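Each of the two complexes below includes chain A, the first together with chain B, the second together with chain C.
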Partner chain A sequence: MTRPRALIAAAGFVLCMLVPLVITQDYQLNVLFRVFLFAGLGLAWNLVGGYAGQLSLGHAAFFGIGGYGLALFHGKLGVPIWGALALGVVAAVLAALVIGQVAFRLRGPYFALSTIAFAEVLRLSAKNLTSITGGDVGYQAPALFDDSPSRWFYWSAVVLTAAAFAVTALAARSRFGFWLQAIREDEDTAMAVGINPARTKLRALLISAALTAVGGGLYASLFLFIVPDQMLAIDISNEIAIVAMLGGAGTLTGPIVGAALLETASEVFKNLFHEAHLLIYGVLIVVVVMFLPEGIVGALTTWWRRRNR
Partner chain B sequence: MEVMLWSAVQAVLNGILTGSLYALVGMGMALIFGVMRIVNFAHGAFMMLGMYATYVLFDRAHVSPYLGFLVAAAMLFATGYLTYEGLLRRVVERSDFMQILLTLGISLILTDGVQLIFGADYHQINIPLLDVNVRLNQHVSLNAPWLVSFGITVIVATAMFWFVMKSRLGRALRAISQNRYAASLMGIDVMRIQALSFGMGLAAVGVAGGLLLPVFYLYPGAGDQFTLKAFVMVVLGGMGSIGGAAIAGVVLGVVESLTSLYWGNEWAVVVDFLLFLAVLSLRPSGLFGSQRV
Partner chain C sequence: MTALLEVDRVSKRFGGLRAVNDVSFAVNPGEVLFIVGPNGAGKTTLFNLITGFVPADAGAIRFAGHSLAGKRPYAAASLGIGRTFQIVKPLRGLTVLENVMLGAFLRTRSPSEAAARAREVLAFLQMEAVANLPANGLPIATLKRLEIARALATRPQLILLDEVVAGLPTAEALALAALLQRLPEWGVSAVAGVEHVMQVVMKVAQRVVVLDRGALIAEGAPADVVRRPEVIEAYLGTKYKQVTG
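And then the complex of A and B:
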């Protein structure tokens, strides 16, 4: 990232951190929390799904491990709250190590399917192992913040997004980032020029899983009570991927744009349609695939380049 | 001891009957994903559509589901043809990525569209046949609706197998899957054949949906679990093998049934997925296939 752009990003971060001075209502802050949470998750996903071109539809696994890690390490083993959050992240990274070993041997649709299968095995196991997770009855997650939590959750989501953004920005211009993109474009050629695709993809997944687990921990702590169908749901995996794809997979700002659009739209539609608000996701996905395959930011970039030529 | 043995026999037989319906879903997917290479994440949602079609006919016009499934199949054939012509046609040449997203989007639209119209309530239909049981001996008995659907499934599966392996259309389709470009040079209308085949694949799913209605709960998410199961069957059976997918369906049914018996119902699907991951990483050509993934 060039210096002026870095300055713009820093200014944007400061502005976002100042928002709670203007907006003080809990409801509005919670909607904004969701926007930034999914922006952060989308950016984390983007490393694997966008830059490396590996369509993961199982990121709920890392999200859920982050959430359940926080709740269980604190509740069962008495680890201090922030330590439990950190251990949840470690657990997610370890899980990513295992999942990556199996899934990255597969390509295309098989990779996507295996990531779903892993996430589903975790969800169903969390449902069934009632003595550990409480199953469908749920488990209590500790509160990360006691004083004016809405504000603090909002701030932490912004920090998560900023961290994921910084990681992506650094990665995108580093050798590691170019390796990822080379693998996306043609894995065999990448291997032929001396890139180790398995190790590079795995590294991206580990970073992605760590960031996703932090998001899961925040989410769990906001709700204070978690069930497998919420923390490990296929819907979470899909939402993360859709946010990034809608904004533009493999672009730096895409996931943020996608999250802002999708989360506000789904909030509006939740109030309009109540039960069937996922309909808007479906329609948005179809529209993006048919007319904006590069996502919003991707399409704008192409248009801008063409105009300035 | 003897009772335990018979309960295992009962579980295996139940598994075969359930598995035969899975086989239909799996064969539809084998046609769409295995042969046509379209990654169809809306498979289960289409099946749910077939269930609702059969349900509406039963509920409003008192048509038996054992006739209604034909209407569901016809409806899904048309839906499949139109979906292919309208949407899928434009992404088949693009990455799997786009196909997955598009069919995921279609799946969400179908599921939530149905929920918007019919609500999220569970429905279950009641037909006299459900109370009929065929006793084989003191310990083993089979529920009549499952036997009827098993018979119908065998007929439909045979017809499908014949269609893909022997008919002109099926031959053209397999030619396309081998080499799209060469097939079009041989005078095959690629787009039309693909649209027809996608319709056929969904028709199989429609039959399965109609036959499942009497023995299953109906709700907008009823098909969701079948999408992944269908992929599991295609991989297990070997890519591109219609017969393999059918056998894999029965295997899956038996595995689930035995898992339920010994470990509990809640672990059945977990075993499905573990089997899937094991096959993908250890034997990617499937249990019965020869083609590499």
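And then the complex of A and C:
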């Protein structure tokens, strides 16, 4: 990223942080929290799913571990709240180490299926290990913020997005970013220039898992009560991937655009169409996948390049 | 002089097909060796064996004092073996310069150093004019050079060039082959796999090995090799052997 662009990004961050001065209603702040939460999650996913081209449909695993980590390390072991959040992140990174070792041996659709399988195993384990997780009855998550929590949750989601954005921006222009893209395009060519694809993909997954777990912790703490079908649901995995692909997988700003669009649209549809909102949401996704396979930012970039040629 | 690369009685089968059958040869430092053979003779498999893309069934391959047995392709690249692919594989989203930087990143972490190295290599291959163009949509002759540039940017001691002049017009092929002859100036040896481009081989090669159906059937100076009956047979069929012999 060039200097003027970095300044624009910094200005954007400051503006986003100032939003609670204007918008004070809890409902609106909570919608915006969801926008930035999924922007951050989409950016985290984008390192693996976009830049490295490894379609993960199991990011709910890291999200859930972040959420359950916060709840269980605090509730069961008495770790202070922020320490529990950090331990949840560590647990997600360790899980990514295991999942990556196995899943990255597989390519294409088999990789995607294996990531779904890992997340599902975790969800079913959380449902059945009732003595630890409370199973379907749920488990209490601690409150990260006591005073005017809506604002603070909003701010922390913005910070998560900014962190994920900064990590992606730095990675994209470094050797690591080149390596990820080389792996996405062709693993044989990548190996021929000395890249170890397994190790490089694993590094991306570890970073991605850490950021995703922070998002899971925030989400759990906002709801104060968590169940496996919410924290480890396949819906979470899908939503993270769809946000990034809608905006443009492998683009820096795509996941932010995707989250802004998808999360506000689904909120509006929910209010307008009630039960039919999922149908409209589904049709929207099909339309984008069919007509904008590169995502919104990807398609705009292509159009802009062509126009200026 | 000790050889840089020694291929020692290497074999590889794919099911019932002997893709490479008991092949031995050596490449000396500073040499550009041409491997000549019709389509399916086993050139690509041989390159895949040397670079670790497929494991050998038998035989040994040694490079600069290291055994390459069990080495993965990225390890072979780190040791100093660059390669190009028969089917050119540029990275679509990237420019020519960025594609070449990818090779340079093997030896440096810094993007600016990688870019400097890439520019050096592009200058050598007379590609400065296209450095900032996107790699997709370039003509095949340029893409062939891009493959070589990317391999050269890894600072190899040896590069393996698979079908390096295939599909190029003769003038282009000769120009490229002449450039390959200058690789030793960079401290790089090369093994170039070529098909039916005997004009090129006769003009630029000092030493060739001829592969036919997985076996090495001749080795030596191009002018001598083309007179051998087994080479004529492999290329033109048995009828011509009687006519010329």
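To be clear about the criterion, the second predicted complex is superposed on the first by the 305 of 309 C-alpha atoms of A that agree within 3 Å, B and C clash if a C-alpha of one lies under 4 Å from a C-alpha of the other, contacts with A are read in each partner's own complex, and residues count from 1 in each chain.
In this section, a residue touches a chain if its C-beta (ideal position, glycine included) is under 8 Å from a C-beta of that chain, and two chains touch if they have at least 3 such contacts.
As the structure is a computational prediction, the values presented were derived from the model and not from experiment.
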Next on the checklist: With both structures fitted on chain A, tell me whether chain B or chain C touches more of chain A's residues.
Outcome noted: B
Next on the checklist: Once chain A of both complexes is superposed, is A:V193 in touch with chain B (first), chain C (second), both, or neither?
Outcome noted: second
Next on the checklist: Looking at A:F178 after the superposition, I want to know if it touches chain B, chain C, both of them or none. Which is it: first, second, both, neither?
Outcome noted: second
Next on the checklist: Looking at A:T302 after the superposition, I want to know if it touches chain B, chain C, both of them or none. Which is it: first, second, both, neither?
Outcome noted: neither
Checklist entry - Residues on chain A in contact with chain B in one complex and with chain C in the other? => result none
Checklist entry - Which residues of chain A touch chain B in the complex? => result 53, 55, 57, 102, 105-106, 108-110, 112-114, 116-118, 120-121, 124-125, 127-128, 234, 238, 241-242, 245, 273, 275-279, 281-286, 288-290, 293
Checklist outcome for this item: Per the touch rule above, chain B residues touching chain A in the complex are 33, 39, 87, 90-91, 94, 96-102, 104-113, 115-116, 119-120, 224, 228, 231, 235, 264, 266-267, 269-270, 273-274, 276-277, 280-281, 284, 293
Next on the checklist: Using the touch definition from the top, list the residues of chain C that touch chain A in their complex.
Outcome noted: 51, 53, 72-74, 77-78, 82-85, 89, 91-94, 98, 101-103, 105-106, 108-111, 114, 150-151, 153-154
Checklist entry - For the complex, which residues does chain A have touching chain C? => result 173-175, 178-179, 181-182, 185-186, 188-197, 250
